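Shared chain: subunit A. Partners: subunit B in the first complex, subunit C in the second.
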Partner chain A sequence: MAQQEFIIDRYNPDTDESYQESFNVDVQPGQTVLDSLNAIKWEQDGTLSFRMSCRHAICGSCAMKVNGQSMLTCQTQVDAAAERGDPIRVGPQGNQNVIKDLVVDVTKFLDQFERAETWLEPYEDQDPPEREYRQKVEEFDHWSHASTCIHCGACYSDCTVAGVDENFLGPAALAKAYRFVMDSRDSKRDERLKFLSEEQGGIWDCTRCYMCVQACPKDVLPMDAIMELRTLAIEAGHTNNHGVRHHKGFTSGVRKRGRLDEMMLPIQSVGIGRLITGNLSAHKEMMDYTPGAIRLLKTRKLLTIAQRHGANAEGREQIERIFDEVEAEKHHHDVDADAFGAEFETAIGGH
Partner chain B sequence: MSKYAFWPGCVARGAAPELYTSTLAVAEHLGMDLVELEAAACTGAGIISDGEPYLQDVLNARTMAMSEQMDLPLMDICSTCVGVHRLAAEKLRDVDYRIRINHHLAPEGIEYRGSADPRHLLWILLEDVGIDKINSLIKRPLEELNLGPFYGCYIVRPERTLDFEEHPTRRNSLEHLIEILGATTVTYDGMTKCCGFPILTTNKKNSLTMAGTHLNEAQSKGADALVTPCPLCHLNLDAQQPDAAKVIDRNLNLPILHVPQLLGLAMGLPPEKLGLTRHVVDTNRLLNKIGV
Partner chain C sequence: MLQHDVLIVGSGLAGMRAALEVSNDPTLDVAILSKVHPLRSHSGAAQGGIAASLGNSAEDSWDLHMFDTVKGGDYLVDQDAAEVLTREGPENIFELEHMGCAFSRDDEGRVAQRRFGGHTAPRACYAADRTGHAVLTVLFEQLLRRGVKVYSEWYALDLVVKDNVCQGLVAYDILSGQIEAISAKAVMFGTGGYGRAFRVTTNAFASTGDGVVMAYRAGIPLEDMEFVQFHPTGLQGSGILLSEAARGEGAHIVNSDGFRFMENYAPGRMELAPRDIVARAEQSEIEAGRGVTSLRDSVFMDLRPIGEERIRYALPSVLHLARDFAGIDPLDAPVPIQPTAHYSMGGIPCDINGQVRIKDLDGAPEITGFFAAGEASCVSVHGANRLGTNSLLEAVVMGRRAGRGILDVVHDLEPTSIDEGDMANAIGEVDRFLTADGSQKVGEIRAELRDTMMDKCGVFRDDAELRECLGEVKEYQERFENVAIDDHGSTFNTDLLDAIELGHMLEYSEVITVGAIARQESRGGHARRDFPDRDDENWHRHTLAYRPQDGDDGPRLEYCEVNMEPKFREPFPLQERTY
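Coming up: the complex of A and B.
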């Protein structure tokens, strides 16, 4: 039996005192971090508070930060968490207020599901089926990864946007929204896509940092779901926002020169149309870029930006041909659905 | 001489020219032969794939096919590029998908066979060049410096595409480099988080709050500078630093170095050759500290 040191973030709400406390625990091979927390609570300090229930990675209660990353403590073995005999650090989930020790207030996290109305809205003009609402297997297969969420909050805890913006819907609620957008039994697909595109803290606020994909213990792939929502929202015509203008401006630059056009992209993101029609907030956004542009001028970086370095002539010709072919193919076949299909298969099945 | 198919990425040829010049300077010094992929396209950076994931995959299959045809390993110098290349390589292991994508490469006479293993210069330094060779070329150990790593998301996530198990040094690649060069690593929470750059044009406040928070954290933990393998992070952390300071209402003055700039300094290359005069946040104080 080996000894392992745990350094645990404590918080006492009665005295409003935060501190770290070290415990040494005898560990057996295969013992989990949650087993160790229980050992501490039962044998060393009964006041240590944390959430747990099933101990089988199903209930989602015991997600905490282990060495800075959120994970289910019941699914994490001590051997895997201990690097080179270092102490294992256990802390509460991030991006939420701590109630006591390792217990956080999950209200904010759960409220996001309500905001995104993540429940089935059946077609009202149809009589309810005699038995259950059915979904085709092949349809379900496409989004089944997003249905495996256990609401443990690990993704929200590590989300870099939720860390700076209380208003962000967050990876779990967005993945759940995706699940209903994709469900053929749901009648609100378009309203959902509109809401998710236009709402402050919706799909276009994600930074694509992959924290949620890394943290999720159930391979929900929340970020991939958010990215697919973006594509679906664009296809559905919900395009009047900065995110879509940024995507379209970026893509058109690559089409023309084979490379990102840093000269044009800020203007395209603000929106040339908005600027021409005298939209005041668009002009203010443009003004906001001025100090940054002056700094780039002073460091002579504006010179290399203005050169608009592209692919060589031969490359540009091929790149433009590829853009044309993919565009033409789009009218015949849903190529982007195939691309996502390949991504989900490799992400889920391959590992 | 080790030879690489070299994809510089768009930003190194635009807003971060000092990354391009310092890469070439360091590669020459190390005896690396870089063959630039002049005909290749932008990786799409995850932005083309917002609306057109298939198109982005075709563009990246093409770049990887070029490196296959040259029979050279593919080298990136941007966390975003290497991450997007590796994500594309992962998807293109699906044979049916690869066949479809290859239809678009056939007119150019190339085919992606699925063998590319895109790597960042930072990994290549540790895996191919090696610690011994780097050690033998250090002229100016950076012992006086406390350096904070700033990774850029895609060189650390998603782990499934990065082969961390097979190459354990990749997980802490920046810390390894910092220590090889004699400097001390300053660790802080933000070092593997998002710099905020991807949402700079869509949500400036969130974007700069992220950059400012990480900069402030590293600075208050005593970092003399940050070092990053990602030119997009560099843009938000360096060029946007004055605005980030305003958003979080703190004084920030933290130089941000690109990986080859740091290595070049330790190897005794002159600061002008490494483009250290082209930063928004002045690097002189840092250079004085190491006696340059």
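Coming up: the complex of A and C.
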């Protein structure tokens, strides 16, 4: 039996006091971080609070930060978490308020599912079949990974956007929305894609940092789901929104000049058409960019026109070639998407 | 005092399905109360499937399903209940499917079905090997859609019953530490099972039999508590469940000689015999010295005959659990497994509409306004042993029926009320723990209790061991009087909840043991070495255990008849149970 040190973030709500506390625990081979937290609670300090229930990675209660990264403590072996005999640091999930010790207020995280209306909306104009809806194995396999979410919040805790944007729906709710967009039993596919494209904090606010995929203890792959939603939304014609304009402005700038055109990007994202026609909210959106732009200028992150020269001729030729190759690849991908789309139509045609 | 028309305690499949049904009446105010967020409920841990005779893979019928259930339960099953369960199975599955449940599909796009122990046809509908999770999720989604009120992380302390009329509940808000009375015309318990009293168990930390004990303390007898199912394929040591679906897909179980020993116990069904039989076979092999690993306390389950591709597709959770919790890759090596306390056949006695009834008395008077469904209840659809995949089915079918049962009567029920006197017990219990300065620790007593129950009231039982078990449980109860906790705060005090839960475990462990001592026969999950045969003449009846009154030495036992009156067919007569 070996000893392992744990350094645990504590918070006492009665005194509003935050501190770290160290505990030494006897560990056996195969012991998990949750086993160790229980050993501390039951044998050393009963005041230590955390959530847990099933202890086999299905109830989603015990996600916490272990050495800075969110994971299910029941699924994490002490041996795997302890590097070179260093102490294991356990803290509460991020992006949420701490209630006590390792317990966070999950309301904000769970409210996002309600906001995204992640439940099946059946077809209202017809009764369901007498037996089950038919659903092809391929269709089910395409989205079923996203239905494995256990709502543990690990992705939301480590999400780099949720930390700075209260409005962000977050990886889990978006992945769950994806699951209903893809499910032929749902009648609101198009409404969902429109909402997810236009809502503040929707699919276009993800920065593709991949932290959610890394944190997820299941096979949900939230970021991949968000990226697929973007493609589906564009295909469905939901292009008149900030996200798609930003996306187009970004690529056209790179294609034209070989570099990101920071000055033009906000204008393109807000929409040149909207600005010219004197759309008030568009002008307000532009104003919202101003403080950030000034900060970027001061720190020389945003270059003035005189400083922006972009790539030379040879470089631009290379960039053009890359774009051509990507587009050829994309065409190939679209053929697959078309075939899938046809299958999807057949599947929902039965309703 | 808070007030609702209908209050459902427990947010697993039974509770949520019932709430959904009640919410069909927009004039009713229904709420769910649960000590964990609904998505954390233990129903989500069910893996292998949910049974129904859809006949998608092979010919099947509800009465074949009913026969399997009655025989699987060693004829202690109430046949009116088994009939309802199996007849209404398919429509309940289709309903879940229409709600969006993520069921796996067969080549025709229908709900896929596979084999399970004790079922003669492939009738386990599944969502890979996370079926409970898929059903739990879809029910919660639909509750959100309906906007049903949820008291999440509220702990029920006391059920208030006056003159056989249920008044409501006293509950503790875990976040704030406030104790509140919640009155309701109808209360339903879907509070789950009581497997946590055993050292090796598949059950979540939350499965501490709270609802069962609250009913018992309110004067309602508990039915058939001695019947606890040991699942044959728990991971060695932790007891974490490896789904029976593994055997349904073709896994072998072998002893230290590499022999598929089920050949000697149930040659007709091999590994797919019912759970009680496989668990006893394993225990017998282990006790005969044919166990595996250095501890010789387990046998091997070998998944390799299934093939890698199918394991990855149909059993991803089993694959991950073995890797993450035992460090063994089932694609390369067999996994050591042992019997693990899994399911509580006993519980709160109720009829097929979820109405709680004291069955032993003339006319079986009901507890007006009190309903139960799922593992907390004893209808009894499982009798002495539950078949795999029948538990999710029971939770859904009986949850829906209890919801309808409530709708049938609730408009005629009088408003109820809870006064300060009714809250005194609950307030006193919380105060006692918050101010106690005893020398005993919750964790220590609990660990000893779980050892005692596992070792002396486990897969095999006999009179001497059971009496030792009872003595030890009583000793723990005495020590518990002198328990103290560390946390005296009011916010998220899980130390306090641990103590209250241990009180529940100590109380029902005594009931299990007393029922097991009295039942001098072997039937289903209750196997007596000293009475190895089933004794229909004396014991084809349900146990009812009443809480001791002043002067009683322990629970008072009564017995009642097993229902043999299905409505739509002849009853299945008692037969010898062989596989």
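By definition in this document, the second predicted complex is superposed on the first by the 244 of 351 C-alpha atoms of A that agree within 3 Å, B and C clash if a C-alpha of one lies under 4 Å from a C-alpha of the other, contacts with A are read in each partner's own complex, and residues count from 1 in each chain.
Simple rule for what comes next: a residue touches a chain if its C-beta (ideal position, glycine included) is under 8 Å from a C-beta of that chain, and two chains touch if they have at least 3 such contacts.
Not measured: the values here are computed from a predicted model.
After overlaying the two complexes on the shared chain, residue contacts for A:Leu120 are found with subunit C alone; subunit B is out of touch.
In the superposition on chain A, contact of A:Ile319 is made with subunit B only, not with subunit C.
Contacts of A:Gly60 after superposition: subunit C is touched, whereas subunit B is not reached.
Counting the residues of subunit A touched by each of subunit B and subunit C gives the higher count for B. In the superposition on chain A, A:Gln214 makes contact with subunit B only, not with subunit C. Under the contact criterion defined above, no residue of subunit A touches both subunit B in one complex and subunit C in the other.
Interface of subunit B with subunit A (complex): residues 10-11, 13-17, 38-42, 44-55, 57-59, 62, 87, 90-94, 97, 100, 104, 107-108, 153-154, 157-160, 189, 193-194, 196, 198-199, 201-204, 206, 209-210, 213, 239-240, 242-243, 278-280.
Residues 68, 160-161, 163-165, 204-211, 213-214, 227, 230-231, 234-235, 241-244, 246-248, 250-251, 254, 258-260, 262, 265-266, 269-270, 288, 291-292, 295-296, 298-301, 304-305, 307-309, 311-312, 314-315, 318-319, 321-323, 325-326, 335-336, 338-340, 342-343, 345-347, 350-351 of subunit A are the ones that touch subunit B when the two sit in their complex.
By the touch criterion given at the top, residues 36-37, 39-42, 44-45, 54, 93-94, 97-100, 102-111, 127-128, 130, 133-134, 137-138, 141-142, 144-145, 175, 204-206, 237-238, 240-241, 316-317, 320-321, 324-327, 441-443, 485-487, 489-495, 498 of subunit C touch subunit A in their complex. Touching subunit C in their complex are the following residues of subunit A: 12-14, 30, 32, 41-43, 45-47, 49-61, 75, 77, 99-100, 103, 106, 110, 113-114, 117-120, 122, 128, 130-137, 140, 144, 147-151, 179-180, 183, 185-186, 219.
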